[in-house]
Each structure stands twice: as structure tokens, then as C-alpha cells.
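Below: a set of structures, written as C-alpha cells.
Both complexes below contain chain A, partnered by chain B and then by chain C.
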Partner chain A sequence: MVKGSELMNKNKIRVISLLFVIFIALAATPQMTSYPTGVNRANGTTGCACHSGGAGTTTVIVDGMPDSFVGGTSYELNITISNPNIAGAELSSNMGGFRLFATDGTFSAGENYTDLVQVMDGGITHTESGNDMRSWVVVWTAPDNEGQIVDFTVHGNAVNGNAVGNIPADGNSGDKWSTFQASIPGAAALGGGAILIEQAEPYEVAIAAITFGIALFSLMLVYVFYRNNPDGFNLNGLTEWLKKWMTTTDHKEVGTLYFVFSFLFLLIGGIFAMLFRLQLAVADNDFLTQDQYNSFFTLHGTTMIFLAAMPMIAAFANWIIPLQIGAKDLAFPRVNAMGFWMLAFSSVLLYGGVMSGEGADITWTMYAPFSNSLGEKGASAGTTLFVAGIIMLGISSTLSGVNFIATVMTMRAPGVTWMKMPLFTWSIFVANAMLYLSLPALIIGTVYLYFDRTIGTHFYDAAVGGDPILWAHLFWYFGHPEVYVVILPAFGVVSEVLSTSAKRSIFGYKSMVYALAGIGVLGFIVWGHHMLTSGMDPTFRLIMMLTTMLVAIPTGVKIFNWLATLWGGSLVFKTHTLWALGFLVTFTMGGISGMFFPVAGLDTHFHDTYFVVAHFHYVLVGGTLFGMFSAIYYWYPKAVGRKLDEKLGLLHFIITFIAMNGTFWPMHQLGIEGMPRRYHTYSVDSWSELNSFITMSALIMGFAQLILTWNIIRSYKYGEKCGKDPWGGWSLEWTTTSPPPTPSFHEIPTQEDDNLHHVESTGGGMFSRMWKGVEPK
Partner chain B sequence: MSYGDHDDHGHHGSWAPIIASLGTMIFLYGFSEASMGITAIGLVVLIWGLFTWWKGDLPFDGSEKMGELKSYGTPFGGMNIRKAGIWLFLMSEVMIFGSFFGAYMRMRTNWNTHWTLLDKAQEAIDSSLAAPGATAKSIYKECLSEKHTPMITQCEEATGGLVNQTFWHTESSTPVYQHVAAEYITADFMTLLPGAINTFALILSSFTVVLALKAAKNVDLDPKVRDKKVRNYLAMTLMLGTLFLILKLWEWNHLIHDYDFTISTLAGSFFYVTTGAHGVHVFVGLVFLTYFIYKAHIGGWDHNNAQSIEYYGLYWHFVDLAWVIIFPAFYLY
Partner chain C sequence: MGPADYTIFRSLMKTWNFWSLVVGILTFALLFYLIIRFRQISPKEETPEKLTPGVFPKERDNLTLELTWFIVPTILVLYLTFIAWQSMITVWVDPYSEDEDTWDITIEAYQWGWNFYYHDEILITELNETGNFTTSTFTTPTGTEIVDGAYTGDGNLYLPCNRVIKAKLVTLNDGGELPVLHAPFIPEWGIKEDTVPGIETSMSFTPKETGTFDLFCAEYCGQQHSKMLAKVHVVGACG
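Moving on, here comes the complex of A and B:
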């Protein structure tokens, strides 16, 4: 056994060095300069002496502060004060004033502001005529000594203008001022460890949450390892165990990796959502700065689509597809593992800028010409890494897409013919075909974008004749098929769950297959509906409008088939059934709101409002996520050999379902009223009410997922044990043990007819029960 | 029914995926941060991953002699699964080059501005800004040259000022698209020559791959002779591919230095990135080829596993085909 232990040592070294490299990579990532610019502070207690008005709700914002200064450089600072309670816009004079001090450096007036601001006693303030406004531009020239930290203090006053034509002494009443303070280190002081805690508050919440999550996650891994084999709990065993997971090519284990990964990111994406929902809870809120808001919702969207929804689908596809078609593994196991690791490492790039406050802020659609612009007015520094991450995601999905299609095409066991293939397999097949044929457009689009940002190409730069609309075409040529990539697998899950729960075969199997295939084809010729307002050829717009409406037909066919399946069956209410029924309700509503957009005239109003946000959350949360939750409750026993707790499941469902509708339904109303999406705040007070309600619901929905997390962890050891087929399913995955062996089948099984199965188990297939009136047993 | 003797094939784990992915990440990280060092490290790790992959395949212990998994059922019944995989992969490659091509044609035909141009022309006629008797089509023609290059001054006149340079997003009145690569390349025989040679080199190399495959599959040959033949044909392919890349770099160099046709113009962006992407495909093919030649050198190919050369050939033919489309579109048009 000399060789054996040698091998073990080698593995240990490999594991440790790989972990080390990952760690270094993670540690290196955040070191990319700078804090977000623009800082908010409100409600100080000391102000200027010239006005006696009390401290209050005034907000002072100073934009353009550098993260660290370079000696002798001039910085343009925008000082803005606002107060929702003191009208500003209507007043023509005496609206506000400010006083700015710095411990070093010199001030001067900004361009066009020479008459409006004046230098005074080492600081700068407004002039007589400069108090007719609420924002000013001043220039601060940094001192030569870069080794120091300069402290800034601004007092801002929102004046209500009652001094006009009055005795000046009375004019003070009702004015509200507040103070803002910041510290800016010199470039040399930065290295000395100057910390700008003040500016990074919500970032810290996010970073702390993520760090805490990862620590908890690592702890959980060690715990799971310990529980697996308490006696073998030592470093050698741990590296062996980690090695197993790092090198595995078994479809079930890779599936588990996908699942754990996606679940982690589902929670991280949720944290981001809750943070920016807090920001939107009331009008004129300043919990997040604009930059923070932008990068938070960018990461939220990208995380949810690419790091949560798609990997979770891949998790079930990995686990279930080979079992359902009776194959012992996927066609290319190593390629499959590579797909996962590409995904895993891409997340490091995507999050590259976050830790330093330079997270990408280009939204999940990454629209040019903002995303390709560099410098002050352009996207933040982390964007380049983010785009690189998207390219890696493209590679990952192409690899796994080819793999799944090849598997389904070539490895179906006898009896699993195209027209008898379970619908989940069909949906994965169509979804992956769409995915890997549309991804190239995204990959090329992002490669162009990446080169625009790195080596100086000008694909999207209008200034030299480049074409930002090209990006929109390339993105949406991928983007629309992508939304079907994430919804079709949920269709598949719901089809399986409803037919099993109704104890009958699915109604209209063939039409289901044709509908899937029809969506697969139509999905490629509708991308322009995302660009109806971008100024494209009216003829093209008309075509896109019509084809988009066509998609509703196969979708409708599916919904009616599901309903008909329920009608002819005898429904058993398990947790997965509830999620599937919930899916029917919410997804249908999302589909209906979708039908408003293709009408170009209506879309001109709805585009980029909260109505769109409501629509895609109804289909993505109420559709994809509910479908995946259903799949978790449905297939967990197959993977683990124990059921999830049904009581906790019920609780989870009820809270999530209600909170989900509470979160997204009011958004329709806000959208119709014209609330734009992708803005960090709003000034319409009447929107506050609905928005606070949404925020509350969102928090409830977020925390409800802890129930599921707990359920999954607990049931792993303490769940009710179950046999091969706990729910009465008919397809091949239920004919093997729970959990299945490796390789998943030694002998290739043969699939029986689903109607036969249901005849045996319930006393009648769908036809006999519907038309011959046989009662289910 | 059972899988037979190769039942446990593919179930021993592999370090290759995680290492190669890590390498990709480090590579992209370095590239994004403009750090040559990190980029190089990434490349090394990536190649380390590939070698780990191949090591499992090399004929040192006989395990590679296991048969291939066969497909069953429609549509690929009886075909090797790997072959189906290659074809599927090539379909996504078709979409990759299709995207390059579509984006390029959009640029060359000014697709995005044409309909608005017609629209503006009509508007000019309706509001009597255009010369009497002008039609939308005739104004349109005055606005664009043969090569679809904007003729800004003429167009401004013809539409009574409705269309000016901001319409084409340009600050200066110099047209934007005037110089595409083809204009330089076709202007001079010596510039066209490398591209022409390259086209033949690639087509020829597609042929030598087939010869290598034929030799490897030939059971009548003495193994020694066979190994030599396979190796030599593959080496010829490698040489032709290398020639292609060298000529291509030479030609780029020529375009950049003698004509000042750089990547920072729009046409240059399209030209260098598209032909560069094709070049990367050739390069990846050559990396694989090096391994194949090594395997031939140690006598690793026979009629049992020669299909790997066939699959490689499919990829290589595709790269060839892509070039046959890129060449006229980017070099001649």
C-alpha cells in the first residue's frame, strides 16, 4: 500500500495547492481601487450661524469627491441640497445655501459659478445671488502633501423663501439645514491603511453578509463531511473527500454540486434584492447611493438568472435526465464537470469588483453605449471583469448544452422513444437546443464588448460610427431564447408533478411536445420585442409584434393541458403539487401581462417601467422558481432517500406564495403610473405607500427561504425514509433505488407505457377513467 | 442488454475540468487587468489542465483501448456518441461565425441607418426641402456612395439639412466607413498574395488530415509503415496550419504599419477580431494536432481508434470552411 498513501499525499498537495490558488485569486480580486463616488449624509446638529432654522430632513449630497486625492489636482465638486418638505422648484429666489470647509487645499468657483459662490475664511460659500438655487459647482485643489487625510465639512440649508419681502430676521423660520462630513486620504495615505468606513456602509452590509454566508457554508461543508462518517474525521479524510468532489464526473455528484452552488447564489441574490428594496421603500431615500444601487441590482439580476436559475435547472437536468432516459451517465462526463467548474469560477469574475465598491453597474442586459464607455462617465471599473465572467458563463453553458442534447439524442433506453419520452426530458432537450444555438450571439456580443473595454476596438462606440443597437440585437437574439431556457424546464417539472399528483398520464402528451418544439422555434424570431422603443425599422417592429403574439398560442396550449390533466385526475396534495398549482396561477398572470408589451403602442408607455419588472418576476419567480421549488420537493427523496418535511413545506409555500404576490402585484400599478425601473430613488411621495408594502413583502419572501434551507439540511439526516417510488411516478427514475447506484444503471432498463402504469396503480388510464367512468382506486 | 466490457468507463474522477476552468479564470482576470504575468500564468494552468485530460488518454496502460460508446435509437442509432457530439458542437460554431458575419454585414450595409435615411428623404420631399422632382430613392442614392459610405455634404444638401453628420454619429464631415480592409488588400497584388496562399494552404491541410485518417484505418499496412505515414501526414497538416498563421501575422503587420489600418477604426475592429477569432480556431487545432502527432510518433493510432482523427478532421474542415467564407467577405468585398 505504499503506492496508495503516496497517492493520497499527492492528492493532499493538489487539493491544498488548488485551494490556495483559489484563495489567492479571491484575495487578489478586490484590490482594484476606489470607492463609489457620491456620498449622502443627513441631519447634522451644527450648522452655519447665519440661519437659525433647526436641523431637519434636509439632505446634502456632494458628488465628484475622489476616493483618494492626487497632490495639486483640481476636483470638481457638485453640492446639492434637497428637502422633500420644503418646496424648491417653485421658488425663484432664496432657496438655499451652503458652507464648505476642508482641512487643507484651496477652493475656487466652478465653471459658470464665479458669481454664485465665493471663497471665504479658508472655505467656500454661496454669494448673495448664489442663494437662489440648490446646487453649486466648486473646485477643490488638493494640497501637495499626499500623506494626509483631508476632512470635509459641508453645511447645507434648504430655505423656504419666506425672507422675500419680509424683515430678514423672520426669514429664518422653517428653514432646515444639515451637515455632511467626509474624509479623503491622499494617494500616499491610502497605503498607510486609511479606511473610509463612512462611505461604504451598505457595501459593508453586503460584504459582511456574503462573507458570513461563505463562512457558514464552509462550516456546513465540514459538518456534512463529519456527519457522513464521524470516525473518519481527520485532515486526510477531508482532503480525500474534497478531492472526490473536485474531481468527480458522475452526473449525480455534479448535479449536487450545481444544486449547492445555485442555492448559495439564490440566497446571495436575495440579499442584494432586500438591500435595494430597502432603498426603494420610501421616496427620496438615501440608504444606498446611486452607484451602490446600480451595482446591486446589476448583480442581483445576473446572479439570479445565470448563477441561480440556470444552475438549479442544470442541477435537476444532471440528476434526473440520465435516470429518466435509462442511461448510466451523460454522454461526456468530463465535459459535464468542466461545465460546472467554468460556471463556478466565472462567479469570481462576476463579483470581482464588488468588494472594493466597483461592482459592475451595467444591468443584466449590459446595454451599450454605457457598458463600453470607460472613465468617469462610463461604467465602473469592475465591469471589465464582469464581462469576462459572462464570457466564461457562455463557455460553460455551451459545454453543458452540447452534452445534454447529445445525451438525449443518443442514450435513450428501449421504450424511451421520442414520443414516449418524459416531458421533463423533452423540456430540457428543447431548452438546451435553444440555449446553445442562441448563446453564440451573446458570446460574440460580449467578446466585442470586452475588446471595446480592453484593447480599444470600437464596435459599440457611436463616435466613430460604431453601433450600440448592434449590442441590443446580439444580446436579445440570445436574451429572448434565454427566458425560455429558464421557463421550459419549469414547464417540464410541472408536467411531471401534475400528472403524478393527479394519478394519471398528462393530458394531450403529443400537443405538449409540439407546443414545446413550437416555442423552441418561435422563440428565435421574437427578440425584437425588447427593442420596440429603440428606433428600429417599423417593418421589423411589426414582424416582431406579430411573432411575439404567436408565442402565446403554444403557451396557452400547455396551460389548458395542465388544467385538463387536473380535471381528469384525482389530485393528491403534496408540497410539490402545491408549488405546481401555484405555478399555474402566477405563471399565467405573468403570461397575460406579457401580452401587453408586443403591442408597440402600449410598449411605448410600459417599456422600462415597473410594469415590466412585474411581468418578468411573475414569470421568473412565479414560473421558474416555483417550478424549481416543486422539483426540489419532488426529487429530493430520489436523491437523498428521505422526504422533505411536508409541514415545513406547506408553511414555506403559503408564506412564499402570498409574499410573492404581495411583492410583485403592486408593481403593475406603479408601472402604469409611470414609475421607471433602474432608478435609485423617486420623488413622487404618493408612490411611497405601495413601495413600502412591496419592500415588506419582499423581506418576508426573502426570510421565508430560510425555512426551505432548514428543511433541506434537517431532512438530510432526519427526514422520513422512503423507497424507490414515494409519489407513484411512472418514468424510469422511479424504478431505481433512492439514492441510485453509480453507474446509475448496470443493465439498461426498458420503459413501460405510462398509461399502463396508471391503469395498474389507479384502476384506469386517462381514457378509461374519463370515458368509461372507472373510479380511481 | 448491457454495456459490455466498458461498464465503468468514465467514472474515475478527473482533475482536468477544475484545473482548466481555473486556468481560464486566471487568464481572463489577467487580461482584464492588463497584466501580462497573470495572463501567462492563466494560460499555463489552462494548458496544464488540457495535458491532464490527455494523460488519461495516452496509451501507457492499455486502458485507452476500450471501445467507444455507441448511440442507440433515432436519429443517430449505431453512430459513435462522440461523433454526434462533435457535430452538435460544430453547429454552435456555425452560430459563432454566423454572429460574426451578421454583425459585419450589418456594418457593411449600413442596415441600421438605411430605413431612417429613406424616412428622412420622404420627410424632406413632403416638406419641400428637397429639390423639386427628387424621389426618396434618388436622395438615398445621393447620400451613399457605391461602398455604402455616407456622402455627408451631398446628403445634407439633398435633404435640405434634415440629414447631417450627426445622423451618422460623426463629429467631422469625413465619412465614417470609407476604408475597409478589402480596399487595401485588393489594391496590391503583394497584399492579396498571403491571403490567397492561405486559402490554398488550409484546403490542402484538410486533404492531408483525410490522408492521415485513411492511413491509420488501413489494416493492410505494416504497423511501422502505418505509424510513419500517419505521423507524416499529420505533420504536414501542422506545417500548413503554421504557415497559415505566420502569413496571417505578416499580413496584419503589413496592414497596420504600411496602411495604418488599425483596430481602433470600426472596420478594423471587425476585420481583426473576426479574422483573429478564426486564427484562434486554427491555433487551437494546431495545439491538438501536436498531441496527435506525438501519439502517432509513439504508435498510438490504429484502425480501432482512428475515428479520433476523423472527429478532429471534422473540426478542421469546419475551420477551413469558415475561412472560405471569411476570405471573400473580408478580403475581397
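Moving on, here comes the complex of A and C:
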């Protein structure tokens, strides 16, 4: 009894301390309200008819607008424009002007402003004497029809007054105007008195698409549950079933969770890409606003790297590593599950801002000083949640990293020695070791960033002694190893697939391993190539140029080893083979274009242009993603016991491969022509043609992924049944049933070694032993 | 479009395109040859190794071959690095040596636009006809006040032809502005460099033809990043 109540107490203390932690966490996030508190951002899209000054930095604010209007009532509106760069105060005359339109209602001058403003063409504007100031009061009388929404447009112009001497031709220069827009609904429109059909905004389309996706996904979950046992279907069972998935620690089930999660986010990231590609299709487009564009590409990049590519790698690592090394499970199954759920919740933080219209707009590289800035011109409010999400992602990756490292180091079955380990396992091991060593830099960097944003520290704020370059160093010290973290596992997959498909052992197994390790080491000393134009010492730039070029050598060794693997083989063209061969083509091209950056005279042009976008999509899409697609077709039968449909697979491959090149190849040309990346729109008409072509290809590529989705779903029930080793692979995962039992091996298997029948090798120094692959007794 | 023919960018591109083609064609020719030559014709084909589940297959390697594709790329890479080093000296070292006769300007970035300051009076009179220059004082972020010879233009950049231009890059910091990173980028000369708050960076280039060119901001700086544009006018004689 005594023990029982002690237990109770412990539980209570746990609950209370948990609540306390949650409370502190909420208190430390003062930016939770992400709704903008008023539309006052500078926004120059259309003209200020009387001046040619051009859209600029002027801010226009209108105070006194009601949330909704009552018919016939008059409202006093204060219009204020400001521009810190265009002095107004010292000037005696000609400081600014405005032009206000509303789609309905009437205007009149405010009290004391009768001489200063005048009604004109259904709107209101300043008079000749009314341009000696920068704020005005006008009165707007609402229309009687309350069932409508009235749109307001105000152009405000900050004038620098250089027209003194009455030369109006010159007077326009240097002025900056911008535009403020707002909509006020009538009382009835709010209360549902009238039916309104509004055109959906792209933002809403994106959110609707995601919500629809989630709904569809939930429905699918229920359906999958129903199909499991159609007769015994009841909702209590559903919660039990969900609970089973949410609390599972089995490496195969966690792997499935990772896979479903990453696939979902691959599609979401693709939706973002397709939306902002539409925006870029033609010059001077305004399909998306700047804020939308900026947060869409930020989320696209972050989603693709952290929520699609890495989890998909984790999915295969989870599923396959224990099977390949003959272990019953991973070393820390519960840490593993925790890693997944941290990831799942961090995605909510990352997306929290978008859902409220203030999505993070700090790019996936999150450069400070900008990402740490608050206020009107700073990063949007959702950024704080986003940064919190990145911290959580870092923790999640650390947990899963330590798990894989420990598993590979300690749980290999007899016979699976270091130099007899499948190359996929090697690649996951090296990748996670790199991740584990580089993540601290990111986590520290983002924690500083979080502090800068929430409690007013100044780690990155140069104005008060912070370091404006610190972030870039911390981020890229993580960021460059990170790109290898996502490409190495694809190397591993391709090594397995090519060897199996050619029915030959991999050529130069040992040099493959040393190349992996070499990339793993070199990867840590090249981060500066992302910062060649950020004002560093030329000597440092030179070192980074050299080390970066050196990475090409081990990468080249791998490519030639793969080619030599095909030599003398008997190559079958299964879908996973096609993806692996496609990988060889596109990844090699991405590798070659990478050689253009560590060159001073080239990088000063290419840095932050579309050439970079082309390059990293060739390695990320043509490398990582193609590798993962190969893995899907290769290991799906192992996981499900049925093959994916080869015809659909072929179709998926051909369309994606062609559309991928159609999307990203022309970006090289745009980069050479100087189109900067992260641009909401462009005014150079000659870029339109290539951009429209890119957009078309991107849409095709996006929709082609539905074929894969359909294939995965359909083959789960109807795919061709398969046995233990459908493709003829050699590693241990092919010795167990498809799908494998739980725990994955009832009895720890032993890996045999074909070489023992051929080579008698003992003795020698450490180096020659490593080369020959004989472990010391 | 893109950098002018006389830029170092173009000559480097020739070398890099050449070696890319060599490497690319070699690799892909080999790849397609292997795919076609060694495709499976009948499922009964035997290969030298047997892949059996649970058995590490017989290893094969060839030290000579592996050393070849280790050493040959190494030589190529070292050669390319050497050229890259030369270009680095041209781009980042030479223009800053003492005896280089440069035409100095300061480019000041703010959210979201540019201010241009000129420190060389020789051409000001000539430029003034086009650029609407006015005299003003100018305080650098490091506190040096320049009174004489500092001219602000009309929001566009005016440059003489055939002079080595040396641009100091600074970020406006008047308390009201948010100091963030920007980067003036002029594709015509294939040149860019970040402006970093609190630090003075620089870039250098030499216009050799008159004309009007685009200047973009290349470092993401917030909402209106894509609107941070200006025109660069190269005026005067090119002799």
C-alpha cells in the first residue's frame, strides 16, 4: 500500500512538473499571436499617377478604419505616409501626396482639411496646398448596402521636394511611393445577411490543399484500419489501433511512420513549389504577394530537406539497417520512437505561422541578421515558432543519429564485420556520424536566434556589438555536412541496387568505403564555399576553394566504381534499376555544375542566382530523391510482401526524369543570365520564356508523383506477391520473410563470406589487413 | 544577357565548360556503353560472382584502375584549383593593392534600396549632365566623415568607362533602419559581394563599354528583396 501511494505521488510530481515546463514554454513564446495587427507594410505594386518615383520604401498607414461598416455612417480616416530616407521635416513645401479610392461610398474633407484635400473621380486626393504635409484627415461615408465588401486603395508618395524652382520634370526623381490596401465588410456581410462569393487567394488554396490533404489522409487511415479487418470494424478498435501506432517502438513500424510522414511532406513541399512556380511563370506576375512567395519558398526548402528527404532516409534506415546487420531491433527503440514524434510535432511548429497568414519568410538558410529581426520590415511573426520548430528538429535528429551509430557499432551479427557490411549500412553510419557532429552548431545557432527573437539578446545584431557573420558560419558548419547527410544514403542505395541488378558484387568495395569516409571528413572543412562573397579574408576563401574541389575526387571514385560494377554484369531493368541509372546521370551533372562554384571569378556571378538553384536540385532531386525512389521500388516488396507495379513504375520514371530535366536544366541558363534566386518576380522580359517552360515542366513533374502515390496504395493490396529475395540481393535482409517477423530475427543469423573459399589472407599490418578486409582475431 | 565578353567570367566559363564536357561525355559514353553491352539477354546468364542471400559476395577490385580514377581526377582538380587561384587574385586581391589607380565609390544598402556615393571628382562634371548630382556630406559606418567629393545621385549608379571601379559596400545605419545583409549584384560584370552591417566590404570591376545595366540585390533581405533594383549607367568615352 505504502509503495502504491508513493508511486501516485511520483506520478503527480511528474504531471505537475510537465505542466510547469509547458507553462514556461508558452510564456517564453510571446509571439504566439501571429495575426498582423494592422496592414501597414510598404507595398508598391501599382502606380502613383502623378509621379514617376517608383515603388520604394515609403510606408502608408490609414487609421480609423472600422472592422465593418454600418450603412450611411461617416468614418474619419487618418492617412499618414512616412519614409525615413526622404527627409520631409526640413522642407518647407512639397513633402508628399496621396490618392485614395474606395469601391463604394462617398468622400469628403475632414475637419480643418477643406482646403487641403479635394474629391476627384470617385476618390479623394490632396490639393496644391495640401502637398506640404504627410498626413491628412478625410471622411468616408459608407454606402447603404451593407451586404458588400468595400475595397480601399491608397497610394502615398513621399516627395523629396527637389522641384524647387518649378521644374516639374525633375521634381519627380527620387520620390518614393507605395500603396496601402484594405477591405471593410458591411455589417450584413459579416452577419451573413448576404451571400458573398470571393475569389480564393493562393494562400487559401495552399491551406485548403493542405487541410484537404490531412482530411484525406485521416480518411485513408480509417480505411486502412477498416480493410485490416472489415468484419470486426468498430470505432473503439480504431483508437486502439491508432494507439498501437502511436506507441510502437518496433523499428519496422517506426520506419513506416517515418515513410508515411515524409511522403506526405514531399507532396506538400511539391504543392508549394508548384504554386510559386506559377508566380514565376511570367515577368511582373502578381499571383502571389511578396510575403506569400517568401514564406512559400522558405517552407518549400525547409520541408523538402527536413521533413521529406531526411525522414525518408530515416524511414529506410529504420526499416533496413537492423535487417541488414542481422539485429532484432535498433539499439534504443524508445529513443527512436521519441525521435519520430519530436519530428512530427516540430512540423506543427514550422507550419504554425503559415496557417495564420504570417509564415516564416527567412529562407531555409535562416540568415541572421534578418531572421532575428522583429517589426514591420523584419521577419514575419511566424518566424519565432519556425525557429522553435528547427530546434526541435535538431533534437529529433540527434536522437535518431545516436541510435543508428550505436546500432551499427554494437549490434552487428556474426560475420557482419566492418569491412563486410552492406554499403547502405555504411552510408547510413557515415551520414549519421556527420549529422551527429554537425548538429550542435545548428542547435546552438538556432537557440541564439530564438533568444534574439524572444528575450532580446543580441547575438547577431551588429548594431549593438553582435556578429553579423556568426550565423552563416554556424549554419554552414552544419549545412554543408547536412547536404552529405542527405546524399550519402542515396549513394548507399544505388550501390546496393546496381550490384543486385547487374548480378555482380560491387566493384572496389574497400575504395567505396574509404571514399564514403573521405567525403565524411572533407565535408567538414568546406563550409566556407557558401560564403565566398560575404567579405571574408581571401586566404580563407582560397582554402575553402581548394578543399571544395577536393571533394570531387572521392565522389568521382564512387561514380567510376559504380560504372565498373556494371562491367561484365547481366543488367536487368527493374524500376529501381532505372532510378539508379537515372541517378548516375543527374547526380553526375549536379556534381559537375558544383565545380563551377569554388572559383572566384565564377562564384562572384553565380552565387545566389538560379545556377545555384539548378545545381542543388540536380543533386537533391536527381541525387537524393531519385536514390530514395530507387529505394522505394527496391525495398517495398520486403516491407509489404508484394511488388510495386512495374508498368506504373516505368511511367513514373520516364515522366519524372524528363520533367525533372525540363524543370532544372533551363535554370542554368537563367543563372548565367543573372536571374537572382529568392525573387518574388522579375522585370526582365527575356527571362519569361524559359521561366514559363520551367513552370510547365514543374507542374508535370509534380503531378507525376501521383502515379507513385497510387502505385504504393494499390500494390499494398493488389501487387504481385513475392518471396524472400525477389531481386536476387545478397545482404541479410533478403534471408528473412517478406514482410519480416517481429522481432525481426528469431535467431541472430550469421553472415557467410564467399571470399573465404578463395583467398587465404592473414597477418600483415593494420593497413593491409583493412585493405584485405580481415578483422583481427 | 549575362556577363560581358571581356569579363574574367567568360574566359573561366570557357575552361570550365570544356572540362565539364570532357568529363561528362566520357562518363556518359561509358555509362551508355555499359548499359547496352552488359544488359541481360537471357535470365540464365552467369556472372563471375554468385549473389546468395546471407553471403558476402566474392570481392573484386583492381588497384591499378582504382588508382587511375583517383589520380587522374586529382590532377585535373589541382589544375582547376590553380586557375581558380589566379582568378581569385584578379578578382579579390589585385584591385586592392596600393598602386592600383581606382575610381572609388561607396554603395550603401538599406531595406529596400541603394544609395550611391562618389569620391572622385575628376569625372563629376561630365557625369553631372546625366546624373543630377548634388553635394552632400556622408558619414561612413566607421565614423569617417567625408565632406568634399561626396555626391549622391538620383538613385541610379553612374560610372566612367575603362576605369577600375572600387566600390566600398556598407549598410545604412541611421538607427531607423534594420541593418540586414544585402548584396549588390551586377550581372554585366559578373560581380557581387555582401554588404554586412558593421563591416566594410568591397568589390571591384572594370566597365569597358557604355550602356545601361541592371543592378540587383542578391542576398535575401526581407519582403521587398526582389524590388531592390537600380540601373547602372556607364557614361563618357571608353578610350
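One rule holds for everything that comes next: the second predicted complex is superposed on the first by the 557 of 777 C-alpha atoms of A that agree within 3 Å, B and C clash if a C-alpha of one lies under 4 Å from a C-alpha of the other, contacts with A are read in each partner's own complex, and residues count from 1 in each chain.
Please note the rule applied: a contact is a pair of C-beta atoms (placed from the backbone, for glycine too) under 8 Å apart; a residue touches a chain by one contact, two chains touch by 3 or more.
This is a predicted model, so every value here is computed, not measured.
Look at A:Gly729: by the touch rule set out above, it reaches chain C but stays clear of chain B. When the two complexes are overlaid on their common chain A, residue A:Glu673 makes contact with chain C while staying clear of chain B.
Judged by the touch definition given at the top, the superposed model places A:Ile713 against neither chain B nor chain C.
Among chain B and chain C, the chain that touches a larger number of residues in chain A is C.
After overlaying the two complexes on the shared chain, residue contacts for A:Leu385 are found with chain B alone; chain C is out of touch. Of the two partner chains placed by superposition, only chain C is touched by A:Asp291; chain B is not.
When the two complexes are overlaid on their common chain A, residue A:Gly535 makes contact with chain B and with chain C alike.
Contacts of A:Gly375 after superposition: chain C is touched, whereas chain B is not reached. Of the two partner chains placed around the shared chain by superposition, chain B and chain C are both touched by A:Ala462. Of the residues of chain A, those at positions 462-463, 469, 535, 538 touch chain B in one of the two structures and chain C in the other. Interface residues of chain C, counted against chain A in their complex, comprise 1-3, 7-9, 12-13, 16, 20, 23-24, 27-28, 30-31, 34-35, 38-41, 43, 45-62, 65-66, 69-70, 73-74, 77-78, 80-81, 83-85, 87-88, 90-93, 110-113, 115, 132, 154-155, 169, 172-174, 176-181, 183, 185, 187, 190-194, 196-199, 201-203, 214, 216-227, 229. Residue ranges on chain B touching chain A, taken from their complex, read 1-3, 7-8, 10-22, 24-26, 28-29, 31-34, 45, 53, 69, 71-76, 79, 81-82, 84-85, 88-89, 91-93, 95-96, 98-100, 103, 106-107, 112, 115-116, 168-171, 176-177, 263-266, 268-270, 272-273, 277.
Within the complex, the chain A residues that touch chain C are 41-42, 44, 54-57, 84-85, 170, 173-174, 176, 290-291, 294, 361, 363, 367, 369-370, 373, 375, 377-379, 415, 420, 461-463, 468-469, 499-500, 502-505, 507-511, 533-535, 538, 541-542, 545-546, 549-550, 552-553, 556-557, 559-561, 563-564, 566-573, 581, 584-585, 588-589, 592-593, 595-596, 598-602, 604-605, 607-609, 672-674, 676, 678-684, 686, 724-725, 728-732, 734-735, 749-755, 758, 773. Within the complex formed with chain B, the residues of chain A that make contact are 14, 18, 21-22, 25, 28-29, 32, 243-244, 246-250, 328-329, 331-335, 337-338, 340-342, 344-346, 348-349, 352, 384-385, 387-389, 391-392, 395, 398, 401-403, 405-406, 409-412, 414, 416-418, 436-441, 443-445, 447-448, 450-451, 454-459, 462-467, 469-470, 473-474, 477, 535-539, 742-743, 746-748.
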